[in-house]
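Listed next: structures, encoded as structure tokens.
Paired with subunit B in one complex and with subunit C in the other, subunit A is shared by the two complexes that follow.
Right after this comes the complex of A and B.
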């Protein structure tokens, strides 16, 4: 029983890491129908900038962990605006179906190369703001930092949800996601809303970066695998549902740890991908996604 | 295709050609290739190796060079990628026309690239890569002469030492193997399983992990449930750190014993206190217990200022340093920079070469291209951020020759 509990707990912790990254895919898809394929790199940049403030890589530490977070959020927002301005806006303007895919991938590669030149290519430890000794919950061992990932991810999603429901600006975002053309006719500056959603998306990725960096390692290549897994989570959960990414993330995380233990560690990535294929075959909009009909 | 040559170019070209010709007359330097990963996860090894080679070269040049000529290093980054390794190898051979090469950190890159040296009859000394196959790729009768040499302890020697440490010295009967899914990890796992079988022991769990995996819960729980008393590892720094951190998280602490990569700085730094006690075979430990070693460590620290005075990968630096001295001795004995002559000289070195790892007295013969024998490496242990001798008697009596 303890074993299963430990696998579930570790799976949930891992899954919430995926979910918090996958959340970033959603916010841009909702408003503009486009995705930032450089999401993993946005996460990496957030972690690296955070480490520069908080660690000793660039002569620091300059701030403590908690003071660093708003600075990283600001950086993430600016980085997202750059991606939108350079990579996505031209594609939307020219009604290009696929231009944004290539340009966001290209920007991701550029960001990674820049990071390699600034911070080097080695993996570095990120100082943990919480004690690193595990605590016991229901017979399983959990790191305090893993709890913080779960709490931080939920808090972030809650805040975004509140913003969307309660504020006038949030309503503009919701309106744009339900019908961009109609929202435009109602006087909403949909271009600005899309820019905002990219800023929000990269901001959440940067936040995810500093949240998970004390558990994973920090390095220029940290985003590649995580970004891809998070994309799978976004597809499984559905690109339009906030609940979906949490459930999708936890499903994938638990699938990985339990298969690794009960079947073989050589096959631990397989069930997640099988799940992805099943979802795509049976319910292409994701477990919690709204089915959209594309009129042609 | 047509290139327009500007008018000013002709005289400039002429002058530079004359300069090149003049330079050639005044004792042209001997070009030696240095290839390894200077970027990426294996770069602590690649950079330490390169710096060791540079240090030896500087000393040799200061003492007048070889055959009255200076040694010039042509350094190339293979990025730990097989295809990139092949590319830079071909460049070193056909464009730079090197007379020999030292380097190769990654077994896969070495196996893919050294074929070109063999075909061009140019000797190459592997100074870090450990795969057992490396020196056995080109054996007679298929190939008349083998141009591949080595100054590192191969995986056969290492896996034997790991098993001896676990089974004989520390009397464990149940061990688990954790290896990464690369060539290095899986070939090492095979060697470990063979060495265990020779002692009549079957590992209680054999688990795999991928590069960049962040969660090791499943692998560790399987080993724990199978009752493992120790974990034997074959992987590289970052993932080894995740294993050590994962054990701390599960509150399950058993000894980690593994290949020499447990001495990598990116394992020790990323695992922090959890890396304490990990043991691995080492040909060299950064401790000035012979005059030669003291001189080497002092010179390295003075020249390259490593953080906290700690060489990122002391083993790679020492083996790199020694490989250059062996090569210089062979060129000197051959009296020429002709590839086959250098190979023949390496296989029959008349003068012993004093090294940092050991003293090389006839290190190679025509059929043996391994300079390091099983008695040379010692067990190292991670202690508070440094690799130290695991056994006091090794520290006192650290210098072994074949």
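Right after this comes the complex of A and C.
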């Protein structure tokens, strides 16, 4: 029983990381119908830049963990704007249906190569800002950093939701998501909204990077698998549902930790992908995806 | 207020507007009538920036707005209640109205701020059905209510010129009457309007001046009263001599 509890707790923490990255996929898909397939690399860059600020890799530490977070968020936002400007905007402008897929993948590979050249190919430990002694919750050993992952992830999604509901700029983002032409008629610069959604998307990934880095290791290749699994979560939960990515993320996280323990770590990626295939076969819009009804 | 000279527009290779000119003077209601496919909606879309014109010149209050993106034209003071209503279905009626005032609420919005809460109340007074439903999601409204929301949302911009594209489309006869009644009230308030309508008789009754569009060209134009009595216009658009 204690072991199961342990697996559930670790699964939830891992799942929330997937949820934050998947949330980033949703944000650009909503406003522009495009996705940044370099999300995993955005996460990796966030973690690497974070490590450069509060680790000793580039002559640091320059700041502590908490001061580093806003700097990494800013970096993530700028990196997302670059991806939008270089990779996505030309594809949208030329009405190329699939150009953005190749260009965002290409940018992701470039970012990984740049990271390998700056920080090397080896994985590095990330200093944990919280005590590394586990605390006991419901009989399970939970790392304080794992709690921080869950709280941080939920807080970020809550803040974005509040922004969307309460502020006129957030309302403009939602309006752009539901009808881009009509939003333009309101005086909303929808091109700018798309840039903003890319900034937000990479910012969430960078945030996920510095949340997970103290638990795992940091390295140029850390993002690829996370980005891909988060994409599966976005599909499982539904590309349009905020609740969907949380549920989808936790489902996948728990599926992985339990399979890893009860079957074999070699199979830990299988249940998530089986889940993905099932969802695609039975409910392609995702567990929480909405099919909108158009009124005539 | 709104002057259109030799406007041309095309969808891909298909030219829809072959150079039309029309003029909407301040404080007047001008209607554009014509059969399906004549280019009425295309004209509206080209004016508001939803579609880039392929030629011609459009001026709003003396400013050249030809080819500007829609959001910049909105900031200069043109509101467009588009064909098919296009309300934001996942947001409340109130949020839809606030979005209509986006150019007044935001930094760099350029429209004078004024009394937004007061204008929101006025809009809800003008459309009492919307007041009852102000906290409902716009997607849950009936077609007629959505039409009223689209009009109210456009008014929230406090526009120099209001474009209304087929405000009566798909509505029950009693609602059509209500919509025209409201257009009459807006005219009395001095709002400059360009109105596209299928109900040519009702449109000519409320308008000061009318243009008849045929195959992307202006076929006839004149004061609304004169068009109503034009035998050719009557035969083609007013259901014979019976009229309204």
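Everything that follows uses one rule, which is that the second predicted complex is superposed on the first by the 290 of 296 C-alpha atoms of A that agree within 3 Å, B and C clash if a C-alpha of one lies under 4 Å from a C-alpha of the other, contacts with A are read in each partner's own complex, and residues count from 1 in each chain.
Quick note on the criterion: a contact is a pair of C-beta atoms (placed from the backbone, for glycine too) under 8 Å apart; a residue touches a chain by one contact, two chains touch by 3 or more.
Because the structure is a prediction, the values reported are computed rather than measured.
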{"item": "Touching partner for A:121 - first (subunit B), second (subunit C), both, neither", "value": "first"}
{"item": "Partner chain in contact with A:175 - subunit B first, subunit C second, else both or neither", "value": "second"}
{"item": "Touching partner for A:96 - first (subunit B), second (subunit C), both, neither", "value": "neither"}
{"item": "Subunit B versus subunit C as contact partner of A:64, first or second or both or neither", "value": "neither"}
{"item": "First (subunit B), second (subunit C), both or neither touched by A:225", "value": "first"}
{"item": "Comparison of subunit B and subunit C by subunit A residues contacted", "value": "B"}
{"item": "First, second, both or neither for A:185, with subunit B first and subunit C second", "value": "second"}
{"item": "Subunit A residues within the subunit B interface of the complex", "value": "3, 6-7, 10, 13-14, 17, 116, 120-125, 132, 134, 141-143, 215-217, 219, 221-222, 224-226, 256-261, 264-266, 268-269"}
{"item": "Interface residues, subunit A side, partner subunit C - complex", "value": "168-169, 171-172, 174-175, 178-179, 181-191, 292-293, 295-296"}
{"item": "Residues of subunit B defined as touching subunit A within the complex", "value": "39-41, 43-44, 181, 207-210, 212, 214-215, 217-219, 221-222, 225, 237-238, 241-242, 248-251, 266, 269-270, 272"}
{"item": "Subunit C - residues contacting subunit A, complex", "value": "48-50, 69-71, 74-75, 79-80, 82, 86-91, 95, 98-100, 102-103, 105-106, 109, 111, 139, 143, 146, 153-154, 157, 170"}
